[in-house]
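Letters are used for the chains, namely A, B, C and D, taken in the order the chains are written, and counting of residues starts over at 1 for each.
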């Protein structure tokens, strides 16, 4: 098992009710796998069927990226900084 | 005869040694005529052979514009405000 | 706003004179600044809509390096640019206050300061992890920016890969 | 700089926060500002040249209405523009100080604020009666802008007309 630090932002943070947690995951877990673990553990956190970005250690990452022990994974909706 | 208020700016003001004067001119004087009068009266004021703009009552004017009594005529080099 | 950092996420009010000082260089005579201001009214097809205030949230540890990366992209694309600064405010922003400031300094006005400034706000809105919450008298909503296909985990081909 | 005039020739230092306040409108979320700064060094083909300070002179009674006319041209060409302000300083300007500020406010960033701001500085340099004197340790020179044929009295056809 590995430990992953998960961070949520904006509407995801609000629907989950937390912004940061350490999650236990099997070895060879991808971001996609992690999303399934999160959805199962936190039913208020709706992740499928919506646009979602992820970053691993502050770099944008893809769905199939393999996670390493101690990685910080951020999951968030499409960004909306600045003004329209 | 009519009276014209003449204003000079920048290098023209410096070479003439004055910035504002009331000039006596014949009726039906154009800006071109006025320039000749000025050159004759103020030899240090070099007006021919160089780029020159003129404004009558704060509006850009042409060489052949006829002047009216009391007009304010400004004569100046190409403008250079702002930064390059 | 006493900081001289060029790329900063801050909960303090932003100042235009301050950001101009951050990019000031003795050989730069042109500074273009984009000032993104909280609107009190937005004209929509169904009439004017009012906003009470905005609330911004950022993933600051990622957002500041992303802002710096946009600065680096600008220096590469417009090599005459002398300095870039991008500041974004977080927390509550009142109507009329700046939420984002971008300043680009170049030797002359034709050296790319307008184009680079425009580029920076487009890139910021696309990739920098900051989110805006609109607040009205009767509610609030998190704004989602337009989906960037290359960043979206929901890409069918990626989901497909993961299923194998 | 306590004035709220949109078009102003002034011998007082210019402030970016002040001009942004002058164009602030509740329905405008985007302000683009051009800040023309006195350069201390200019890179030329023969190396760097130093400037000690600049001195600006204006025909203020004509220059302020001309600035307002540029503003009107902008409102006509970019009808979504909410406000334009153009301020130009006269007198002695030190290195790093702003000599000209232009601010254009629009509802959104795609409504012409960048283009209009660029247009304004080009027009200002072409037609507004202001002149710049560069001052170095060893002398000074009045800068002449590029000749605008339609304004130049030295046009051959005009001189010809007058001779008749």
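By our rule, a residue touches a chain if its C-beta (ideal position, glycine included) is under 8 Å from a C-beta of that chain, and two chains touch if they have at least 3 such contacts.
All figures in this text were calculated on a predicted structure; none of them were measured in a lab.
Using the contact threshold fixed earlier, the set of chains in contact with both chain B and chain C is D. The minimum number of touch steps linking chain A to chain D comes to 1.
Distance between Cα centroids is largest for the pairing of chain C with B.
Averaging C-alpha coordinates per chain places the centre of chain A 74 Å away from that of chain B. If you average the CA atoms of chain A and of chain C, the two centres end up 23 Å from each other. Computed centre separation for the pair chain C/chain D is 27 angstrom, with centres defined by C-alpha atoms.
For chain C, residues touching at least two other chains, in rising order: 29-30, 36-39, 42, 109, 121.
Shared interface positions of chain A, defined as residues touching 2 or more other chains, are 83-84.
If touching chains are joined by edges, the resulting network of the protein chains shown has some other shape, matching none of path, cycle, star or complete graph. Touching chain pairs in this entry, ordered by label, are A-C, A-D, B-C, B-D, C-D.
Partner chain B is touched in their complex by these residues of chain D: 36-39, 42, 56-59, 61-63, 65, 88, 99-100, 121, 124-133, 142-148, 151-155, 158-159, 161-163. Those residues of chain C that touch chain D in the shared complex are 15-17, 20, 24, 26-43, 48, 95-96, 98, 105, 107, 109, 114, 117-118, 121. Contacts from chain D toward chain A in the complex involve residues 29-30, 108-109.
Within the complex formed with chain D, the chain B residues making contact are 7, 9-11, 13-14, 30-33, 35, 49-55, 58-60, 62-64, 74, 76-84.
Looking at the complex, you find that chain A touches chain D at residues 83-84.
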